[in-house]
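Each of the two complexes below includes subunit A, the first together with subunit B, the second together with subunit C.
This part shows the complex of A and B:
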């Protein structure tokens, strides 16, 4: 049997979890690209090229970086914004994990229970998950792989995600800065962002801030 | 597909917030489990399995234990009560029933505590609804299952049928052969099940009476040391929040919403639980000496594949067969049932012509598991079996193997 690869979908009505197909998570100092374990250094440039080559690159910051639980979270949030501006990429928050009924506002939010709606609505082709609790991230990543053609990148503060097309682990402030620096380096070398023009929306606790 | 994970030089990964060397309120030194398990000097003690559970919990930096010591029970829960009285366990109380105990354990674990309890036989089945709830909620609770009979007429004697019911709950399921396994795996079990990519409950099973009530020599580290505390901030789900899954789902379940997305989310949730079981493999290797199985003499054409105390009986049967009949037999000891060591067993049995699977239950669930992963599985002989608390003399295994080989001789049952 051939080694399973974690590739963008749409894969199946109910795709298998990558772990059940024999994909293992990277150890410290490593990352995975489509299920292949690589040195973490290799993954920075691979991720940066994927992001710069996307038409609608998008970062989904989760509650662990959206809310100021501590100073570290605040610093990470700032670094993520710098990363988004460097590409440039949209920021669409995953503020919490509640199922949204009757429906989500797909241009403003993503929810782990039906993340495909946000991907489809915004035509997102490459995305980053960061600051999302691992269980919820895996849930969303698998549903995205099942029903969309989006390339998923996980920047996980814990052990990483084999259900993402590529994943870093033990993500720290320094590692976010390093990905930003890699994006900037590639741009200086002549790699152009393929992102379609957009205006980043802003939100308060009450919802979208117009204007 | 269950993929084999290579042992390499795997170590137990710790939370970055762990402060090694700090003292607990009882003056124990918080110690790197890699050092505690593998490098620290040990001394021999002669203990019952229940006393071994107490010895492990004393070094486990435990927050909460809940007990329902139905009579007759092993002493384990009562001995943990002694540890509470001495200050080694931070909270301890008696539940109203096995079902209540497991719910109370869930409450403590949702709140961020390291939790341990024990159960057996009918108690396991009465508590059963809670086990997939624990797994679905990603609660790394450890329950020691001291297996005994489950059916009427009731038996207090060992029988491993209850393990069959646990296999697809989403829990990790390990099967200890000896008191030493039990001791090492209680401590190591917390380290595996609390990893953020695993974060699942562990059913640490042993054969009741044979392990819990009999004495054995066990090598223990000094009780001046303990493992690091649980770090709930590494949990893959938020701490208890009434608005977030899984709590939100318990009062407003996905399945109440009849649409594809609701079903898909629930299915993905289930897949994630079983994915986490798979992820536990590499974390388990440092706890189980580098493999989920242990093997002896795999070059032999006949193998005994077993778990729990059936392994011990198998070892003695192998000695008898070689000394008395000149028949050479190899051994595979299965330590982890979930995750199941599929690739390891395939490799270990690759050259075997006949595989015997002795079990302490009437249905032979381990034989079914092994048959399901092997090609040419007509090689597998599901037996011998005993049940309901019967012992399994090594001679019964010897007889089964001789019968299969067509070796004539007086058989055990003829002794009356």
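This part shows the complex of A and C:
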């Protein structure tokens, strides 16, 4: 039997969990690319090329980095901002996990219960999940693979995600910096970002800051 | 934990939706003397709710969330029912339990929190409807009282199963006819406040939510007493306007009528003498704090 590949969808209304198709999580020092276990070093360059080649690369920071639980979280947030600026990529927050009522504003936020709405609305073709609790990331990654053609990258601080198209594990501040450095290195080597021009939105207590 | 913990990472703060920025800036975390009077001037811990227009339960929710003394150190345990529709929209930790299981879940949670945070008061608050509290979950409710578990149980008493179409519940009044109980209830409303006190609750109150001051005082009393003494119980009349054939604007009138002298929701409180003394001291402390805060503002 051929090995299952965790590829972008749309796969099906109810895609199989990658784990049930024989995909295993990487060990420390490793990552997985579409279900294939690789050395982590290989994954940095692969991820950086994917991101630079995307039209709408987007980072979805989750509550673990959006909220200042401690100094480490704040430093990770800074590193994520630097990564977004290096590519450049949009930042769309997953502020919490509640099924937001009456609806989310798909342009400005993502919700794990219907992440496809944000991906469809913004035509996102490559995204990174970072700082999202694993159980919610699993839910969202599976929905995205089921209903969209977005390539998902999980930067997980725990053991990684089979349901992402590619996944790092044990993500730390240093590893975020390393991905940024890899993006910068590729750009110096002549790899150009294919991202469509955009202006990162900004919010205030009153709403979106125009201009 | 206090307001210092409710902060955004500076580098990503400007992409956060407005309601979170508002919460960080003006919500009353870390203020023990927070009150329902903050509603309108500070960010409430409840977002737009998904209950019916004019539902008294939504008013009760607002008052309770504005009254709990330490929302940052509180965990609500809810159960299936109208209340569970609101929990996804509140800014306080909460757990949804299986129907009727709420007091069992809360027992384990409270004990675990006590072990994990021995030096901090972690308030566990059960909030469930009358079906979960008095009918299907009565076993779990009462066993937690017998065991003297240190948490507060709040029952939203709407006298029937509201979100499944109006079936008869133990707290329904005798003779009441509802959509799914067409022959009328054949026995008296269960006297749970009295049963709660006899079962070991140290503080019990039963009232409507027509008067926010009263609701606030009762909720604070129940939580303070549960920290020091043991289980406490609060029963709040939150009529289901849909199931009793009222209009959206008539919820408040219904509550006022039912708390008039001689009616079934005349406010009642039960407490031990020890608790009475304790609450007297607590109230004096609170008054002194408020006076000092007022003096500091005017100085």
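The definition used in the following text is that the second predicted complex is superposed on the first by the 205 of 211 C-alpha atoms of A that agree within 3 Å, B and C clash if a C-alpha of one lies under 4 Å from a C-alpha of the other, contacts with A are read in each partner's own complex, and residues count from 1 in each chain.
What we mean here is this: a residue touches a chain if its C-beta (ideal position, glycine included) is under 8 Å from a C-beta of that chain, and two chains touch if they have at least 3 such contacts.
Because the structure is predicted, anything quoted here is derived from the model rather than measured.
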Subunit B versus subunit C as contact partner of A:55, first or second or both or neither: neither
Subunit B versus subunit C as contact partner of A:205, first or second or both or neither: second
Subunit B versus subunit C as contact partner of A:123, first or second or both or neither: neither
Contacts of A:185 with subunit B and subunit C, given as first, second, both or neither: neither
Contacts of A:99 with subunit B and subunit C, given as first, second, both or neither: both
Partner chain in contact with A:65 - subunit B first, subunit C second, else both or neither: second
First, second, both or neither for A:80, with subunit B first and subunit C second: second
Set intersection of subunit A contacts, subunit C complex versus subunit B complex: 98-99, 101
List of subunit C residues in touch with subunit A within their complex: 5-12, 14-18, 20-22, 25, 47-50, 88-89
Subunit A residues touching subunit B - in the complex, by the definition given at the top: 1, 4, 14, 16-22, 24-25, 27-28, 63, 96-99, 101, 113-114, 133-136, 138-139, 142-143, 146, 158-160, 162-163
Touching residues (chain side subunit B, partner subunit A) in the complex: 1-3, 5, 13, 138, 195-197, 199, 234-238, 243-245, 248, 252, 254, 257, 261-262, 264-265, 267-269, 271-272, 274-276, 278-279, 281-282
Residues of subunit A that touch subunit C when the two form their complex: 61, 65-69, 73-74, 76-78, 80-81, 91-93, 95, 98-99, 101-102, 105, 108-109, 200-207, 209
